[in-house]
Structure formats: structure tokens, C-alpha cells
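Okay, so chain A shows up in both of these, paired with chain B first and chain C after.
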Partner chain A sequence: MKFVFTMWKKELRSYFVSPIAYVFLAAYLLIAGLFFYLGVTLTGEASLRVLAGNLAITQIFVLPMLTMRHFAEERRQGTLEMLLTAPIPLWAIVVGKWAASVTLCAIMFAGTLVFPAVLAYYGDPDWGVMLTSYLGLFAVACAFCAAGLFSSSLLDDQMAAGLIGAVILVPFWLVGRAEALVPDEWADRVRPLSLLYHLDSFNRGVLDSMDIYYFVAFTAVFLFLTFRSLESRRWR
Partner chain B sequence: MNRNLQRRLATGSNAALVAVIMVLIVVFGYVLLEPFRIRVDFSATQSSRLMEDTQNKLRILEKDAIPVKITAFSAQEGKKEAYFKNRQLQDLVEEIDYASSVVEAEFVDFDRERLTAENLGVTEYGTVVIQRGEQRVDLKDRDLFRHVGKGADRAMEFLGEASVNRAFSQLMANNTRVVYALVGHGEMNPESREPDGLSDLGKALDQEHYELKRLDLVRDAKGGVPQVPEDAAAVIVVRPRVQIPALEQELLLAYLSAGGPLLFAVDPGGVIPEIFGRFGVAVPEGMVLDKLLVFPFPDRPVPRYRNHPITEALASETLVTLVSGVAPLQAAVPPREGIRSATLLETSRDGWIERGGELKGGNALFQPEIDAAGPATMALTLELGRDSGLVNRGQGRVIVLGDSDMLSNSLLTEGPGNLSFGVNALRWLVGDDGRLSVSGRPSAVRKLALTEEDLGQLRWVVIGLGPLLAMMVGAAVWSSRRGR
Partner chain C sequence: MIDVQHLTKSYGPRLAVDDVSFSIGKGEVVGFLGPNGAGKTTTMRILTGFLPATGGDVKVAGFDVFDEPMQVKRRVGYLPESPPLYPELTVGTYLEFAAELRGFYGKERLKRVGRVMEQVGLVGWEGRVLGSLSKGYRQRVGLAQALVHEPEVLILDEPTSGLDPTQVMGMRELMRELAATRTVILSTHILGEVEAICPRAMLIAGGKLRASGTIAELREQAPGGVWYYLEVAGAQDREVGALAGVQMVEPLGIDGDFAKLRVRAPADPRELLFRAAAAKGWRVRALEQRLPSLEEAFIGIVGREG
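On to the complex of A and B.
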């Protein structure tokens, strides 16, 4: 855990000493603010449901941009070999970098806490639903950061890594939309693959063990693939 | 093949295989864990939890193992409140689909999947079709949503679960029982859609497989011997305007004597059927009032539910039954032999029977020298045994309501508990005690109280403030590092 913490600290510092985190944070809050304002204007409801659904989809494109630099940048600077040969377990490097991205996401979410405050001022929101909506967004962020990290481990070019990250994630969004195109008997099998299907319960105030499993498994699989991808450099 | 390539191939395929196995384990884990799914609802209203009664019905349907299909069609996009209607319907469909293995529920976009609509013969947006074998129940938008309040307080409530619940009852019931509403003496008409009609009650009972029919004892006899029809599961007498002739009252007593149940609803100052005296029920002069009232209506005391199978579920769900202008009721003390009475609705301790006197600010006051102190009874039940001398077969059940409006179109769908109260009262009367349940737990949308001006200010706070602060902090960090 010591190595994970060291890695986490290093990555987080690298985010915040450069303008990246701030530009990213500003862009994210701008998009979130727009979604929130539109949601409030169109529905007049004291709820984050519109915001949470749209932010989750936005994260498909935004989070790979956040994680794209992790390994691609190290490779570009020629520090990856050094990092991989340092006396730090490989899994600690992967988890540390992932945890740093997730922490940045948590800070981004903290920046949106003004929205519940606004809802509480003008209405009577359901705090239980609000809490689970944030948990859902956090679960999505954990999963997407893992996928983004994996794409970063594959390619040398940052932009390409970011793009591939989004390409990996888009099918998990579209599969929910494709449900209507497949025969009924297939729809039940396809549905559990959909990201929105698993996020929906969170936005209704319900914590479902299978939704939690989906996001935990999603994260674990991509962290594992990242680990294998980096490990492959030893024998390639 | 050189040894290096061989080694890379072997290690590469091993890595790929392990990755595939990992994905398969995860998928297998999902399939394995799904039957042990756990859900916890954190919402304040427990909105995703189905009512106990709905769950019971789903269990019965599962036992029967006859597949049930629910097809919910979307509301018309662009129409006011379509977003909320679709969302609430979608949530309900998902919850029912999750809760039962024999019920297949799906939400269908009416515009995109016209073929599905055509196949089911659905022509209206927002229709829900529930099919079980050959049987089918269609729920329309008006069955699923209702508006409550006036002006700025007007809000939409979703009654979807209650409607689907009733549709399940309808599909499970094998035969329809007839409830007759006595007419001919100025009573409320079961076919009238006017505020003082009973058409809403008829519709609600129809969903429960009870058919509400008019009964004119004299005219229906067509010159023959008048009598209550043999197929009558119950007879209701709601607010007669003139005294029911002695002959007809005797016919009602004969019906009761044969085990037939009766329901009477009267109003203050209205006609009181003389047979009340035979049951030991008195209707004292005055009107029931209470400090606890439905603001701003001084004649609408908030009834308290007494412990009874009819009101048990209503009390637990804290659904208020609206009443308007209530006549006080009194059961004989000590009770008549063979008659057991039970209070259904009464006022709080601050309630009283108003008998005139001074007004304060336009509202009546309790004046001990004129009025009678509460709690005052607003509705009661009677169970008549054979030793009462009034019943020869079975057990006679009678319900007396001190208000007729609570069953009328004006209040039945307005009050959160009226529909359930009315349906439950009928269920109890006809002996369907097992089906007593809440017939509606409406869920409403939590709206914001925002003005145009608020929205203008909000725009800058939610869109501009966050990014601006982030950029300012970023600029500060950047400039401090540049200075080093």
C-alpha cells in the first residue's frame, strides 16, 4: 500500500502543478453546470437525475482524456522503462495511477456540490436519491478511469490513447440503445452489458448488488488488462 | 521459427488466454450472483419498493405460473409532463420486471415502435396493456396520473402501481359480482359523471371485478313483485333526498336478513333512512367539525382511522380520506343484542358536533353549551348476528357513512385515501376480506419553487461560478510556479 500511496501522490501532484487539472476541472464544471441548468429549466424538478445521466455519458469522452497521459506520457518522456524497472510492484503503479485519476474525479464531483445546495434552497430534494446518484457517478468514474488507463498503456501517442479509450467505452453506452434492434430473447442478454442500465438504479435511489458488481468487475477487468499490457513489455 | 519468436508467441498467447479467462470469470460471476441480487432503496419515499399488496399479487401470479405481459407505451413527446410520465412509467415497469419472473414488463416508445402498438390495437399514447392468457386489461393515461391542488400548487401524481395492482386483481378474479346502487329517491347516480355522480366509484369497482348497477326497486319490478335482485353482492344507498318508502326499506331488510350487505351514506340535515333505528344507529343533529381540518375548508375535518380491516392499510400508508360536510353517527350504547359496531372514521379529540352558535373569523367555534364534544364518529360498521333478529342467514354486514361526498366523483379521486377507502369498504361488505388493501400510493414529483428571476440568477451561479473559481486557482498556481 505504501507504493500505491507514493504513486498516487506523485500522479496527483503532476496533475495539480500543471494547468491540466484546472482546465479540466473548469471544462467539466462548465459542462455539468449547463446540464444542471438545462435539467432545472426543462423539468423544474428538485433532482439530479437529468444531470447524472448526461454526465455519465459525457464521462465516456472526458475521462479517457484525463487518463491518456498516464503511460503514454511516461513513454514519450522515456521514463516508463525506469518506472517499470523501479523496485515498485507493477500492480502498485497501475493502482496508484488509477487512484490518482479517481481522486481528481472526486474533486470534480465535489465542485458540483453547489447543485444539491441550489436544489435544497429552492425545493425539497430527496437526499437519499442524491447520495446514490453521486455514488453512481463515482462508480462510473472508477470504471472509466480503469478503461482509460488501459488504453494509455497500449499506445505511445496521448491523443490516440484518449481516442481509443473513448472507442472502448462507447459500445457500453450504445449497447443500451441497440436493445430495441435485437430480438426480444436477446434483449435480456444484451441489457446487462449496458452502462446506462446499471446506472439507472443509482439515479432512482436504489443500490443494487448487481450494479455494484458490474462497476467493480468493469474496473477490475480493465485494471487487470492494464497490468497485463504493461507486463507484456517485459517479454515483447 | 527462432527461439525468441517462439518464446514471445508462447508468453503472448498465455497472456491473452489469462485475459480471456478473467473476462469469462467476471461474466460467469454475474450470472451466478444474479439470483442472489440484493436491492436497498435509499429514497425518502421508498418509491422503488412495490406495495405489499402488489408483491402478494405477484407471488400469486408466480404460483399460477401463467405468464403476464405488461406493455407500457410512452406518453407523447413534447407534451407537458411527458418527461415525468415516461420516467415514472419506466421506473414502475422496471421494478415489476425485477420483482417477478412470470411478469414480463417492457416500456415501449409509442412513436418508434408503432408496429407493437398496432399489433395490440393501441391508439393512445401512455396506454398500459396488461395481458394474462386470453384476458387483457388496458390502463389509460387518466388511470395512471391525476392532478391535485390548484393554481401554483397543482401537481401531478402517479397512480401507476395502484392501477396495475387493480388490473392484477381483475385478471385474477374469475367472475364479476354486481353491486347495486339504489336510485329513485334522489340518490347519487352510479352512471353520472357529474361531481355528485358515482361513475368514478363504478370505474374503480369495475377494475376489481365488481359491476356497479342502478337499482330502482319499483320501476325494475315492471309491475311484478319488487325485490333486490338475486345476483346482488351488495346494495349501496348514497344520499337519498327523500325518505325511502316503507316497502322498499322492508325489501332492504329482507335482503339483509338473507345475508345481503348494505352500505348507507348520509349527509348532515339530509334524509335518514328509518331502518337505521333497527340497527341501533342514530344520526344526531349537527355537523362534524374539527380543529384538524383540510385547509381552507372548514367543513372538511381530517378523519382519523380506527383499527379495522378496512382502514388498516390506509392508516399504515398515512393516506388521508377526504370528507366534506359530515353527519355525526352514534351507535347504540350499550350495543343492541347481536349487533357489533365498530368505528371506522372519527375526529380528533379537538373535533366536535357543531349545532350552531357564533362564528369567529367566518369559522365555527366549539361552544360547550350548544355543541357536543368529540371525538365524533364519521363512519361505522355493523356486524349483525342471527341473535339480532335481523339476520336469518350468514352474517349481515352494514356500513354507515356520515358523508356521501367521499364516494362521489368530486372527492373520490381527489383524496389520497378515498378510492382505497371506497373499494376496501365494498370488499369488506361483500366478504372479500382477503383483498383489502391500499388502492393507491401516489408518488409525486418534487418540484422547485423557481421564478424567472431566480432562473436568471441561477444561470450564472451554476454555469459560471465553478469554472471561474477553477480557472482562478489554476492561474494562481501557474503564476506562483512561474515566479519560482
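On to the complex of A and C.
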């Protein structure tokens, strides 16, 4: 467990001593500000419904860029050799890196807290829904960071890892709109795989255990795949 | 300390290490010699637990690398060919991270980082960003990382490659100091390095262990073998060749009155040559034993294509 903390600390430090963290925070807050403005002016509601829904989709493309460097860069720099010859378990490396990315996401979300403050000043927002919206965003971040980490473990090239990360995630978005492509009864079957389907209840202020299971399972599966892919690459 | 039996490693159809067996005792300093792509790095990576072997047994300090990798990793310090540095971190934070990976926290961590920085000559460099360091200092930081847990076994993959002559001297000095208290394996394709540091060397080429022994033993295995250099005036090379105990004489050149000769003999003929010269009134200016260089031994054993 202490090795998870060691990895987490090192990764966060790497984020913040290089421009990466600041560029991401700035870009993310800019996009979030735009969605917030559009959401409030178009619907006239004092809610984060539009913002949260759109941010989740934006994260499909942003978060793989945050995680793409993790293993691709370690391999290129040769630092993976240092990690894998140290007496620490491989899962601790994976979890530590994932936790660092999720932490950076949490910091990005903290930056958006100014929006609820604005809403509270001008209107009367529903705080419960607001809280579950944020929980939903956080759940999405956990899941996407895991998927991004997985694609980083597959490829040596950062850019490729980022792109593949997005490519892995896009189907989970599109499957929610499957009725446009396949007959309705098929669409109903695959819709539970969709991220938006599960995120929707968070944005309505509903905490359903099925939705929580979905995100926990999504995260766990991709962390496990990352672990396996790192392990299997040693054999080739 | 290190025991390798019938080690084999293949990358797909390509055999990188082919049935290599050797053992290294506690406190020994051994050089892995071989051309690039000979299988040195692969062998080292298996010893450190970074790569699994395809076949064979590898034991370090009595622990099997495959069955008890954590026990092995705790006892081994490893400096890969290019030092494993995070360019964005400073020397201090990097070494603290390395110490934490080895399970040292708090005061113990700071103590170890301080000691290892002193050991490799990095005092005063804590705040420097790794990406801005010269090759020589990068190598030192890499070595510090491998030493932070005071390993019993130190594995260094081409530790002096890419350094300038002054840095090479400094690195060798450092390695000699480290070798005094540890088992060290050092890979290189620079023969002088092995001669300077390692009492014992192993020659690897094409994934196979071609020769193993002390530097002197390896030299004797060179195709030319041992010969004697004689500079003499007042004697024909035929006269020298006719002496009992001399096998063959080759003229190498003439310098004024003196003939330079290459003398081959089954046993050391120097005393015999000296007595003969004294008896016959030859004037001897030089008489010495010549061993083939490690380069000659290397090429002789590995072959020119290696």
C-alpha cells in the first residue's frame, strides 16, 4: 500500500513540475466555462445538467491525453526497468499511476466549483443534484483514467496511446445512441453498456447501485487489463 | 552468489541466450565481454528479474529469480544501459523516490540518499533537474539509484558507454571502490575496462558463453599464444633458431646492428637465450615475454565476424 502512495506522489509531482498539469487545467476549465455558459443561457435553469453531460463526453478525448504518457513514456525513458526491478508489486505501480491521474481530475473538478457558486448567487440550485452530478463526473474520470492507462500500457508511442485511449472509449459513448444504427430491440440490449445511460441518473440526482457497479466494474476491468498487458509484454 | 544453469532466452524464433551456465562467487568482480547484440543485456535483465527466462535456472543469493523475484530484487542493484531517469525530476527528489521504491521512508530515506550522493560524488547537486545533466552525471545518478539499498549484487550494463575519457576514469575509480565490498557484474565491449577492473571475464557472443576465466587465462587462449621478443646483434636468426629449447624464430625487422626477432618456445626460453648470448658474445638489447592483448584473444575466440 505504501508503494501505491510512493508511485502516486511521484506521478503527481511529475504532472506539476512539467507544464502538463497546468495546460490541462487551463484547457479543461475553458471548455467547462463554455458549456456552463451555454447550459445556463440555453435552458435558463440553475443546474449543471448540460455542463455535466457535455463534460463527460469531453473527457473521452481529454483524459486519454492525461494518461497516455504513463507507461509509454516509462518504456521510452527506460525507467520501466527501474520500476520492474525494484521489489514492489506490479499492481501497486498500476494503481499508483491511476490514482495520480484521478487526483489531477479531482483538482480539475475543484476548479469548476466556481459554477455552483455563481448559480447559488443568481438562483436556487438543487444541491443534491449538484452533488450527484459531481459524483458522476468523478466516476467517469475513474473509469476513463483506467482505460487510458490500459492503452498506454499497450503502446510505446505517447500520441498513439492517447488516440487509442479515445478510440477505446468512443464506442461506450456511441452505444447509447445505438437506435440510430440497429433495430430498437437490439439497441435496448446494448444500451446498458453505455456511459451516458449510467451517467444520466447521476445527473437527475439519483444514486442507483447498478450505475455505481457499472463504473466500478469498468475501472476494475481496465486496471486489470493494464496489469495483464504489462505482465504479458515481459514475455515477448 | 549467482548461479546460472542452462539459461536460455528466445524472443519469438530468435535465440538471444543459448544454454549459458556460469557461477559467480561472493565478492567476485566479473566482466561480461562481447560484441553488441551478443546477449549481455538480455542475460543481465534476466538476473535482475526484469525479463523471465525461456529455460534454465537462475539463482541469486540462493533465491530463484523466477520463484522468489522479490527476494532477488531486494538484493540486486541494477544500472541499465541508459540510466533510468525521469528528466523532469531533480536529483534529490529522484533519489528519494528510488529510496522509497526500496522501502525506505522518513529519516532512513534521507540518510540513505545523503550517503549514496556522497558515495558517487553528487553532493551539492540535489536541486539540479535530471534532464539538464551531462552524460557523466546522469550515469552517476543512475549508479546512485542502484546503490541506495546497499545491494549485495551490483549489475552494471555498459556503465561507461558514452562518457568522455575523464568521466570514464572517474567511473572506473568508483566501480573499483564499489567492487571491494560487493559482487559485481559489469558488461562492456571495451576490453581495457575489463582489464582495468575485473579479475575475471566471461566472453559472450551469439548468445553463447565462449570463454571464461581470468584475464591471463583468456589471453593465453588467443590463437597467437605467448611469444618472446628478442633484439640481438652479432647473431643470425638461424643461429638463434638452432638453440635447443627454441621452437621457431621469425625476423620482425632490423634496427642498425640489431635484429628484432619473434621467438617461440614450448617453455620460457629467456634464461636459455641469455646464457647462449653470453657464451657466444651476442649483444642483447631487449628480451621480454609478450602476451597477446585481450583484443587479440577476443577476436581469436569470437571470430572476426562477431
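The working rule: the second predicted complex is superposed on the first by the 235 of 236 C-alpha atoms of A that agree within 3 Å, B and C clash if a C-alpha of one lies under 4 Å from a C-alpha of the other, contacts with A are read in each partner's own complex, and residues count from 1 in each chain.
To be clear about the criterion, a residue touches a chain if its C-beta (ideal position, glycine included) is under 8 Å from a C-beta of that chain, and two chains touch if they have at least 3 such contacts.
Everything quoted here is computed from the prediction, not taken from an experiment.
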| item | value |
| --- | --- |
| Chain C versus chain B on the shared chain A, clash or fit after superposition | fit |
| Touching partner for A:A86 - first (chain B), second (chain C), both, neither | second |
| Partner chain(s) touched by A:V17 [first = chain B, second = chain C, both, neither] | both |
| Chain B versus chain C as contact partner of A:L34, first or second or both or neither | first |
| Vertex chain A angle, Cα centres of chain C and chain B, expressed to the nearest 10 degrees | 170 |
| Which of chain B and chain C A:W127 touches, first, second, both or neither | first |
| Partner chain(s) touched by A:R76 [first = chain B, second = chain C, both, neither] | neither |
| First (chain B), second (chain C), both or neither touched by A:R177 | neither |
| Smallest distance from any CA atom of chain C to any CA atom of chain B, in Å, after fitting | 5 |
| Doubly contacted residues of chain A, that is, touched by chain B and again by chain C | 17, 235-236 |
| Of chain C, residues touching chain A in the complex | 11-12, 45, 48-52, 70, 73-74, 76, 78, 80-89, 93, 97-98, 100-103, 105, 145 |
| Interfacial residue positions of chain A with respect to chain C in the complex | 2-3, 6, 9-10, 13-14, 17-18, 77-88, 234-236 |
| Contact footprint of chain B on chain A as seen in their complex | 16-17, 19, 21-23, 25-27, 29-30, 32-34, 36-37, 40-47, 49, 111-112, 114-115, 118-119, 122-129, 131-132, 180, 192, 200-201, 204-210, 213-214, 217, 220-221, 224-225, 228, 231-232, 235-236 |
| Chain A partner contacts - residues on chain B that touch it in the complex | 7-8, 11-12, 15, 18-19, 22-23, 26, 29-30, 33-34, 36-45, 47-48, 83-84, 87, 91, 94, 109, 112-113, 445-450, 454-455, 458-459, 461-468, 470-471, 473-475, 477-478, 481 |
